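One structure is given here, and the rest of the page talks about it.
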């Protein structure tokens, strides 16, 4: 017979669960409100969501570093806290973009906001655990919500995008479980700290190396898909194109932050164990990703697709930092995404502003370059703002992403990977071309059609969000010091 | 001895059934063989002492999932033979073969470790369901709850995606059209 | 005597079959079948390892995999339904309006 | 006013921001007023500058990212002082001489931002701040070339941007590596150049780092074979763009060599002398030949810029006070002279909307004042004594003779082939009968153009006859630099090659 | 005395600036007058300085201000008035004063009258800087300054158009100006190298410091410095092979030819060698010095030979200038610096006179220069005829005119040094000189009046011009008598070594003189026989190879055009079109294109087809697994 188990509530450390619970509860509240009263305006839900996220944010802020909770399933280390903060911040920035002056399909569903909150809870679970089960379930919760959110945009491209994303995601899930199965078969555990202990003992057994590597490769393939690394990136441009512009911007940041944290936990472990091949493979993937996606971005005719490829390239850039497995490199990941968040979201928000329902500039694309031709004449501030975002993405100082870039390049140099820093530099130069192309269209060409279409979707909340993004992009130099020192402290406190 | 016979029999059957699933042109055959394969897999679970898992497998897969697929199949009117363009079979089988080969090589290594300290050991004399229940509701309670949320998400997703509201897209219609629809 | 490796290799073979299905199938519904196979193959590996280690963790993982598989089916079918309503087909070769 | 440098940097930027509010009709006057104030501030800087002090003056240090060693750190010494003044001067005169109808306001704002970045580059003492201004300067220039340029302006502007950007990113890696080395030695992150100066680097590191910085600077200078963006940029840019580009932006490269490469990597710099010499000599002769074949007036001057920049590079690597001082002085003189020449070409372009030499001929009779000023600038360009052009060129060649007589003779051919293309240009444009009727009634320089050009003529003659007020502070700082390099150099060859002046030696 | 130094130096500058003020106005006679007065002032100041130097026996050294100082280099604006420079100053200011006055008449009808005076005075200023400077850099200022003024003045009539040599044997002034400038620049480069050598080995550019340090220098350094400086001198003094520009420079107005291309600027090279005589006297560089002498002799003969057949009035005189410069270099190279300087001064007077006379002829003949189209002009132009005659006699070396003394001394020096070959060449050249001088005089002034065919009505120059020319004529006649005094004066300078003939030569001097005289008179007689009674063209002779060779200047200009100018342009064009555009720029663009092409290729993987995407994932996985398996197998 089994002994009854006594668990004290204090030992569970339930506070570690609070942020996710807040998000889930928030989602449920929204569903309940919808249940009681139909036809409420989306602005209510937007504000509700913001408030819930705000509370969530506050509860994350209140967490103590390096605590485990709930039978050690929950792991609240510095990385978990920063990544949650970044996820929540990006979400708070994202959700007001629903308040456009035109109506779009997804925002007519209160469920949209509930799913959004569940998705955030999923991400939060992912980053706040080192148990592969919880990570897996978190990933799937978030992903399933995300597929739905994409499809809710409700036009042909969005279904196509959602289906593509879903199908490839299912394959990636297969990779993930197979990788986990190999790890479990090898070590008898699915908790990373124990896996590390066991592997540490077995690392010298001659035949095991291949198996260790095999397990890591399935996981790498799964995460490479989520992080859109070459050649697992193919979904990205199509999905970004099919999704609404703000969601595409959101997808380029939040899921990636979450997955980076998990990847950092898993592959950091492998690299620490001295499985050098993992590092080499990651570096190969990273370099291929940034280079090839840059090249593909060069030849795009659509700004949104260009930004999609550029996001892939940025992810490759950051992935290279992950391969370094140094505190500085890992700090760089969060710093980079913390800065990328504002700029990229701002850029996608600018596309969102210019989204027109039925004015077809191009039979296929929503945002062809031609649409932005001569923007400076039609909408000078808009052009300047978009130009700033582009310059920032290109890494022109003193705009935000420049600081992330040099921090990561510096990390590469410190780790002895000077060639990598050079490759990063050259890639930035290639990338500069396609960002410049948009600037050239906006500033140097004459408008194709001189009307106010580009104002189409603008509203006060959108302007506010863009204003915040601009302020963060331009004034980044003034908050770099606190940002770097905070992230560095958090990352090093978690031992990465 | 029985174990060996059972293993090899089940293995061959499972592989055969799943091959039918993957290669058959007829969706009905594919689905039926998939369901049969799932049943056989639950057989493995019983062989491996995971009774609870075996039962869940039977209920969820054969009961729920297969039923869903069956409904979907009817919805899509996919009972007829499906024409698929399989242009590069060589590549597909090469890749599949390679994956199989690699996995065999990887698993052929002496992966089993002697000195594993089981975290949640199988207790002798206790039913599998009971033991599983204990672990599931202590250690894996959080994932369990998250899985619940996940299922909720799946439910909501299924409902709204398949719902009628999706038939009229607010995204592609002009605002004037939408407001007319609203007033209806 | 049947060892862990036997089960693992079986799991690997099943995974490869599912894998072939995923990359070969052009009909989305049948493609989803293949993903189920892949998930199930992992289940066998988990259950086997769990048995040989006398550890329940593997069964836990397998349990969650089943849950995930079920959820995926729900969402996947939901997506397929809207897709079918708009495109009238499940053939993914007809699903290539975005490219380049 | 101790923070005059910050004022100098940010005054144009603030003015640029406020410029958005100024009405289009008054933008030009606004710009000129701002630029005038800026020039006066720069002159004030000169007046309060202590010419006998070789070190950095008016230093300001504000931590920006102390954890990462990035500070807002600026200061000025004899080497940078005059380039700053020149930047302010050329901006002002360029604005005065500017003849643009389209989007004047945008142009003025761009110019003001450009001025900020130019001054920032030359006073920055923190590598990241330097890099920041360096990259930022590309943006307004891109706009200026792209928005007001010729038919292939977009190609030209993108080429300009990307080429420079690529090189400087490699330079950035070099900077990060030095910072890392500094960190590993001292345990503190720092990007301040003065801290780096204290760092003694192993020679093999020095060579790699030298090459990294070379990538950034060489493209900017632009050195052969990285120069091909320049003819396009100049060819397509509006007059004001060419003026600023030639006068100031190119100097960033050579200034970088002096500020970074020489003191940070003294051994590598000495080892690289043959390499740099070969490139510089090719640059001088080859581009001069290319200039000779040009049909477009502006292209002649564009290629001549490359050729003259070769002389500047050569002087930088002379490793003696004569050569380096000459090089710095030549930066100034080239800035003034090429700026003036581009303005002059602009004058004729405004009138005829063509720059082809074959369209002209006999202009001397029609536009005598123009011809006179062009002639003076031409003579300064070919290095006639008692014009500004001679002093630098003479000192550079004199200095470099100590390093390599053969290379000096080859480089010295610049005075021959330089004269060849310039005289060909002058002859085809100004001499001969008036063959094209369209030229017969061209108006001579108007008051606005005279206002822009006459100060340059005065400077050309003044600094040609009496360069001392400028040369002396430069020389003081250069001697200190050499002294420092000699102390820091590790290899005996380097110590031997770096030649201190007798006065410096005696002072020791 | 210092103020006279500055007056002498800056009066021409003031004059130039004053004239420049009116540079764009129509002709104003007072500009010319004031310029002439200022030049005269300069001359007077120079004369006073000369008197002072004669009296006190030592020079004046003033330092006006610093010019360039960097590193150890310190170059002041310093001026030295010593025996050598004061001689030059007097000659330069005198000739230029005369030329200024002459120009008032000559440029009478030119619309750019004021500009002309500005340039001319600027030239004089530069020339004075050149001769008065106390250091090599200052010399270089003047050196380049005269180059520019020469460029301006040769190209003074810039509005004439280029014509191919077949249409018009003379070339356009602007072309000639550029040629002169560029050829001079080639030599200037060498001169700069010389300056660098001296600086790096002596630490200074001041004459006194450099000369004091010479004994301590290596032979190679000295040789290099001597060669480099001499190449510099060759350019300015138009020595072979840099001589072509001088004849082309005759495209400038005639007063310019008189001042710059006969009396002053072209002698700057000689002046440099004289100035740097401590260097050239060093025993280590005796070979260089001998080369100078040999080259001088060669040029004397070579130029004279071309003068024999030329039909262009000014070009004949230009060749004669070239030839006489050869004489000067011969003397300087042989160590007879004071003789060279003396010939320089004497030559300045009669050659300027000759040119100004030629200018009168041109004025009369409406810019016609072909002497075959003249003849019999003595009837209308008596004064000019007289002046030209005197100058030609002086040039031919007929006693007692100046040329005899100066040239004979050079020939004697060649004999004295034992270089008999040089001596023989110089003697023969003396005969040729006489021949071509008088060929020109006879063809111009005697014989039949061929100009009438061309409907030209010649007239004599203004009276005041003729009066202004008289000092030159006077000096051309009497300068020779001061040979002794000059020697005594100049050689009293510590920097100027004396040169005296050996006893042996002294004994033979009278015979040598008579020999030269025989050649000279022979040349004149021959010229009279051939041309005294009008032009009789000899087809056979004119078609002979030698005649054609000489007429075409030994084909050297053609050689330069074909083998230097044209290839250079072609090469430049190739460099631009093929190398710069097709190779360098194209490779930069190719890199960019490569990325584009790569992007175009890579985007093909983005087919939009989900199945392909899944395949890509599979490929990625398999590739990575392959790595793992290989690792496993290796382990």
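First chain written, first letter: the chains are A, B, C, D and E, and each begins at residue 1.
Keep in mind that, in the parts below, contacts are C-beta pairs under 8 Å (C-beta built on N, C-alpha and C of every residue); 3 or more make two chains touch, one makes a residue touch a chain.
Everything numeric here is computed off the predicted structure, so don't read it as measured data.
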{"item": "Co-neighbours of chain E and chain C - touch as defined", "value": "A, B"}
{"item": "Steps needed, at fewest, to go from chain A to chain D via touching chains", "value": "1"}
{"item": "Chains linked by the largest number of contacting C-beta pairs", "value": "B-C"}
{"item": "Taking each chain's C-alpha mean as its centre, the one farthest from chain E", "value": "B"}
{"item": "Chain ID, smallest distance between chain and overall C-alpha centroids", "value": "D"}
{"item": "Taking each chain's C-alpha mean as its centre, the one farthest from chain D", "value": "B"}
{"item": "Intercentroid distance (Cα basis), chain D paired with chain C, Å", "value": "65"}
{"item": "Centre-to-centre distance between chain E and chain B (centres being mean Cα positions), rounded to whole Å", "value": "100"}
{"item": "Centre distance in Å when chain B and chain C are each reduced to the mean of their C-alpha atoms", "value": "5"}
{"item": "Chain centre separation (chain A, chain B; CA means) in Å", "value": "28"}
{"item": "Multi-chain contact residues (two or more partners), chain E", "value": "592, 603, 606, 608, 610, 614-615, 618-619, 621, 625, 628-629, 632-633"}
{"item": "Contacts with two or more other chains, residues of chain C listed in rising order", "value": "4, 8, 11, 15, 18-19, 22-23, 25-26, 32, 48, 50, 53, 55, 57, 60, 64, 67-68, 71-72, 75, 78-80, 82, 92-93, 95, 97-100"}
{"item": "Residue numbers of chain B (touch at least two other chains)", "value": "92, 95, 99, 102-103, 105-107, 109-112, 116, 118-119, 131, 139-140, 143, 147, 150, 153-154, 157, 160-161, 166"}
{"item": "Contacting chain pairs - touch in the sense defined above", "value": "A-B, A-C, A-D, A-E, B-C, B-E, C-E, D-E"}
{"item": "Chain E-touching residues of chain D, taken from the complex the two chains share", "value": "159, 162-163, 225, 227-229, 231, 286, 289-290, 292-294, 320-322, 325-326, 329, 362, 364-365, 368-369, 372, 379, 382, 384-386, 390-391, 394-395, 397-399, 401-402, 405, 408-409, 412-413, 415-416, 419-420, 423-424, 427, 430-435, 465-468, 471-472, 474-475, 478-479, 501-503"}
{"item": "Complex contacts: residues of chain C adjacent to chain E", "value": "19, 22-23, 25-26, 92-93, 95-100"}
{"item": "Residues on chain A engaged by chain B in the complex (per definition of touch)", "value": "1-2, 5, 7, 17, 24, 31, 70-71, 73-74, 102-106, 108-109, 111, 114-115, 118-119, 121-122, 125, 131, 133-134, 137-138, 140-141, 144-145, 147-148, 151-155, 158, 182, 185-189, 191, 194, 198, 201-202, 205, 207-208, 210-211, 214, 244, 357-358"}
{"item": "Of chain B, residues touching chain A in the complex", "value": "102-103, 105-107, 109-113, 115-119, 123, 125-126, 130-131, 134, 138-143, 146-147, 149-150, 152-154, 156-157, 160-161, 165-166, 169-175, 178"}
{"item": "Chain B - residues contacting chain C, complex", "value": "3-4, 7, 11, 14-15, 18-19, 21-23, 27, 30-31, 34, 37-38, 41, 44-45, 48-50, 52-53, 56-57, 60-61, 64-65, 68-69, 72-73, 75-76, 78, 82, 84-86, 89, 92-93, 95-97, 99-100, 103-104, 106-108, 110-112, 116, 118-122, 128, 131-132, 135-136, 139-140, 143, 147, 150-151, 153-155, 157-162, 166-167"}
